[in-house]
């Protein structure tokens, strides 16, 4: 499926379903709520950078018509639901933005998105993966694939290729992102008749995983299944290898960060991730995005950045197609987007405003990701 | 009124009280003297429930009280002052006296919230009594000051007033005149005598022998946790054992 | 059996990090009588100075380590001047000092965040992976694997503990520290320069906190302005469990917390490991309200 | 020139003016006593001299240096040592440590000799060498703080009610010590409620009332003063 | 009432206070009072975040699963928090200072961990009983309970706070209030006044828990999701800051502290990335210059004196440990 997207002539910003707009004011403002302070700023920060990158490209290419500038008013939520509500209220009620990106965490979205819904303003999660986000209302969208769309495929592929029978599971149980990942993993493992020989948990900010890993490894699993965020993932991978574990490590979204590969080095060999986007994605739009991002910010983008970048383009497209700053018209135009070429692949919104595009399953080899099963 | 039978209290190696028997009869002022570290404060601590004896009995009105906690003992009618003053330093003098009447009240917090008649009556009584004590101890002029900012002597008087606010039957005084000059000491002595005449029984610890002789009806002498003498002021003054252990030869002939 | 030994090793190396952090925390508490909640920010600054030295200045590891300790020490002294001294001068309640330490922590972490963004483009940085060998030493006969850096940490933390113990218990400045800790006014009347003792204690605590932070960074590679939050609560638990103001207590507490966490995991309760730690803390405090090695009430009540 | 010269000293606690212009002098080898009612400001004078309080006006000269407003530890280092009111023992330290903590100010190396001298003078302390000072009885603590001050090798010793809370035997003992210290040539500034005893050891006496010196004279003269007799000697 | 609130919010909008912010301010004012009560009694208890969590979860389950109105949930949350405070308070309140603080923080962490694992725990028991793997979901662990309707209105909070303020004024003039002050200053002397120290401490602890529980119920129905992450150590520290920065010498201080510290980050949004730095700076500067908190007369008079050049008194004793013995 990957290859179909990777046709040479597809370029972002050239979705020609809609004519160039004519009725837009000089400045169109969208809002963005990201965690820019506190521990989640690692994600929120690059999301905000990706949005800025997209806006520069959109404005330079005159995507919204001559002389029309799309700006983002970005607010910090610090990963806190109360602050997310306050930021959302400020954006939709005071700043009168036409639509909102974010917030970074699903838990924040459950707090803040209803405010947008009640005000008839679209809100698009660009990193919310929990179940039930878009159920909050017809103005609530997301472009981030829920784990439930990624992980079953990952497990199925890994099972066929590696012939898994028994695995140990390690997950963060105090974070809804890693916990949702765990839920889906367990379901997928059951569906594939794989035995779970042990389950261990950790908490956000933990640094020593030796005890849990020692217990799990003692059961001689065929693979370790890990639902963790990047910082913990690095430790888990290196510590597992240091304890002598050599088998595959299967992870979700969280392991899918350039930092994970970079920092765990050799140890990352055999790490398998299923994700919405991966830096090794060979599709031209994806490569171009990664290149531009690195050029602008001297750091490799992660999946959350790619999704935020895509989110900004999706809003630009909706505004272009609506040719209006009316919030309802923008919402309708957004919902109608189909097969939009993006770094994530050809992107469409489903009926329930969830994203539709192909996930990727990759394995790390010599410090690089390669498509699982296609590696040499 | 108050009776100690064979009371003992040890702290690790130190036997602070060993088999002390002593009684404070109604309407009497009993003095307790003895060298530093003899166990006088320990004795008061044990009577007032701050500390509990290892052995022996303490009877109040015939009831054993040696296992009762401090607040219960106060409610039974035993009040005390402290050698190292323990006022509520950030509260005003008046507030200290209001707190002193805590155990007299019955009104609970709900009554306070809803201004029940009982609450209002009690508050009125507290305040009236506080004013009375302020007058009596010459503290009216400093009633609004934080207790911690008073000079030493005033603090001592306030402590005594606060102890009286609990409406005790027995009063235990631990060096009430420390830090007072002779004039003030004398005045306090007269106060103590008035209290006795009003019906209180008093146990007083002092190193100031002039006060002891001025007020005490009888005196116990404690040394190394044991009573070594008991008698009237005159008997004690001349008891060679007491002179040896405690008084020393009084070289300026006063007292 | 095999795993059991490995788990013991795990507990020891984790305990070394906790106890190193707890040492400085405890020192400042005993002299200040107030929790310095900014100590976790000092810890962070150690890792931060280290990563900055290695990545931006290209210093060798040992130099980075010294820079981290001195840098954290100086920051800690700054804290004393900015957040604590003015309040002491004003004779403020201790709880006010607690709050000012919270303010200082927020300030340092946020300044850290700005500098991270400016230096690294994002709020995290990594020690280069090649800096220390993570290849474990394998003791086949016992089937134990230990990363060498962890052994170094255990040894260094032990040495620092002994040093601290000596300093506080056996030297004049240590005696003066204890006098100041008890009552500043009395100490001043004894001719002790109270301000200097404070500066010294804060510097020492900073050096220890910085060392802990640096070790943490080197072992776990990842450094963010927020790593202090990870150890703040555990460190606090360790010093209380061991007994506030007691040096051996802080160390013992660190190892005990780590040991308990590991035991809970071994017994299959990894989700409950901190609950187990706190339950034990509860139990111990009820029996020994001053913590395991805390000074028994030297005051009578 | 006098060892200590206090000139027009003013000290306030917030709005409360505790000292309102106090002047006096003390020469080498002299014992001076300050007496006065509760709250007269005696402790305030000592605290101001020792640097615990900062005066709002006036000047303090000690050993020819202007020490007005100096920090307490610098004042102590210069040899002006205060034994504070109440018993300020370091409760968490042992008796022996309490004594030795002040020894760092000594200019000689006789700390150990001094320590033994103090222990022989106060056998009760000697028995409790290793006990935590906070657990001593009131009188034992009083002995400890006097001993501690001597460990500091004072050039002028300021004692704030040293006999408070002591048994008569010990009161005699303390005044014996004061006489000994005087005999050693160490000058003393003594604040006492026990005016009779104070007048026995003092060379010169100042009477303080509400922050002002209202009377001064040699101990012998004041002992005969009828006002003093009735007010302070009871 | 509504018109009044709207008018007020219109006035406050220029400094970044919208209605939800206003509501969080009021919730935090309640939390400030909750910790103030224990501090006022000399108890350095930091269990408030834990009780808030209990209130929030019980309240939310009552409205979600039992269809109770907010008022019923409020009562339920307050009662639950108060009941749990009883067995927690009896053993722990004997502890002092930092030991009490850490024991109560520990309680909060245990509550958080119980919430995280509750479903799994019940699930594994059911698995044992039924012999097959059972997945139990009630409180959803770290996922949180979602989709809570926003039932809390500004006027609920204002009314609650007004009643609370009335209660506090009366408390201060009651025996209990005086006993609390006495216990804070000297427990031993307080006992000598006939005050049952243990009883009073427990009563105050329970009152504090009830208030935190109420704040939890209100907050759960404002944020629309309750997750255990929201009630961690950070929250505890925040609550403490509300009370102390506001000033603990009167009940008015913690209310002001809760209001100001909640509004502050919102009012500082214009500072963008410097917002956090300024929040820390403001906290530091305010407490350094007004150590008694914002609402404290001596604090302000000392502050003013600084600038009229009157000398201050140097530090006074008691910087060290508590008094010696009960002589």
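Order of writing sets the chain letters: A, B, C, D and E. Residues in each chain are counted from 1.
The definition used in the following text is that a residue touches a chain if its C-beta (ideal position, glycine included) is under 8 Å from a C-beta of that chain, and two chains touch if they have at least 3 such contacts.
From a predicted model like this one, the values you see are computed outputs, not experimental measurements.
Placing every chain at the mean of its C-alpha atoms, the farthest one from chain C is found to be B. Chain centre most remote from that of chain D: A (centre = mean of CA atoms). Per-chain Cα centroids separate chain C from chain E by 28 Å. Centre-to-centre spacing of chain D and chain E amounts to 49 Å, using the average Cα coordinate of each chain. Centre-to-centre separation between chain A and chain D, using Cα means, comes to 75 Å.
A separation of 43 Å divides the Cα centre of chain C from that of chain D. Residues of chain A in contact with at least two other chains: 37, 173.
Of all residues in chain E, those touching 2 or more other chains are 116-117, 120, 188, 273, 276, 313-314, 317, 321, 323-327, listed in ascending order.
In chain C, the residues that reach two or more other chains under the touch definition are 110, 113, 117, 181-183, 185-186, 229, 271, 274, 299-301. Across the complex, chain B is touched by residues 13, 16, 35, 37-40, 85-87, 124, 135-140, 142-143, 161, 164-172, 193, 195-197, 200, 230-234 of chain D. Interface of chain E with chain C (complex): residues 39, 44, 91-92, 94-96, 98-99, 101-103, 105-107, 109-110, 113-114, 116-117, 120, 188, 233-234, 237, 240-241, 244-245, 248, 273-274, 276-277, 279-285, 287-288, 291-293, 302, 312-326. Those residues of chain B that touch chain D in the shared complex are 11, 33-38, 41, 83-84, 149-154, 175, 178-186, 207, 209-210, 245-248, 250-252, 254. Those residues of chain A lying in contact with chain C across their complex are 37-39, 41-42, 45-46, 173, 200-203, 205-208, 210-212, 214-215, 218, 231, 234-235, 238, 242-244, 259, 262-265, 267, 297-299. Residue ranges of chain C in contact with chain A, taken from their complex: 2-3, 6-7, 10-11, 13-14, 17, 110, 113, 117, 120-124, 126, 129, 134-136, 138, 145, 147, 216, 219-222, 224, 226, 229-230, 261-262, 265-266, 268, 270-271, 274.
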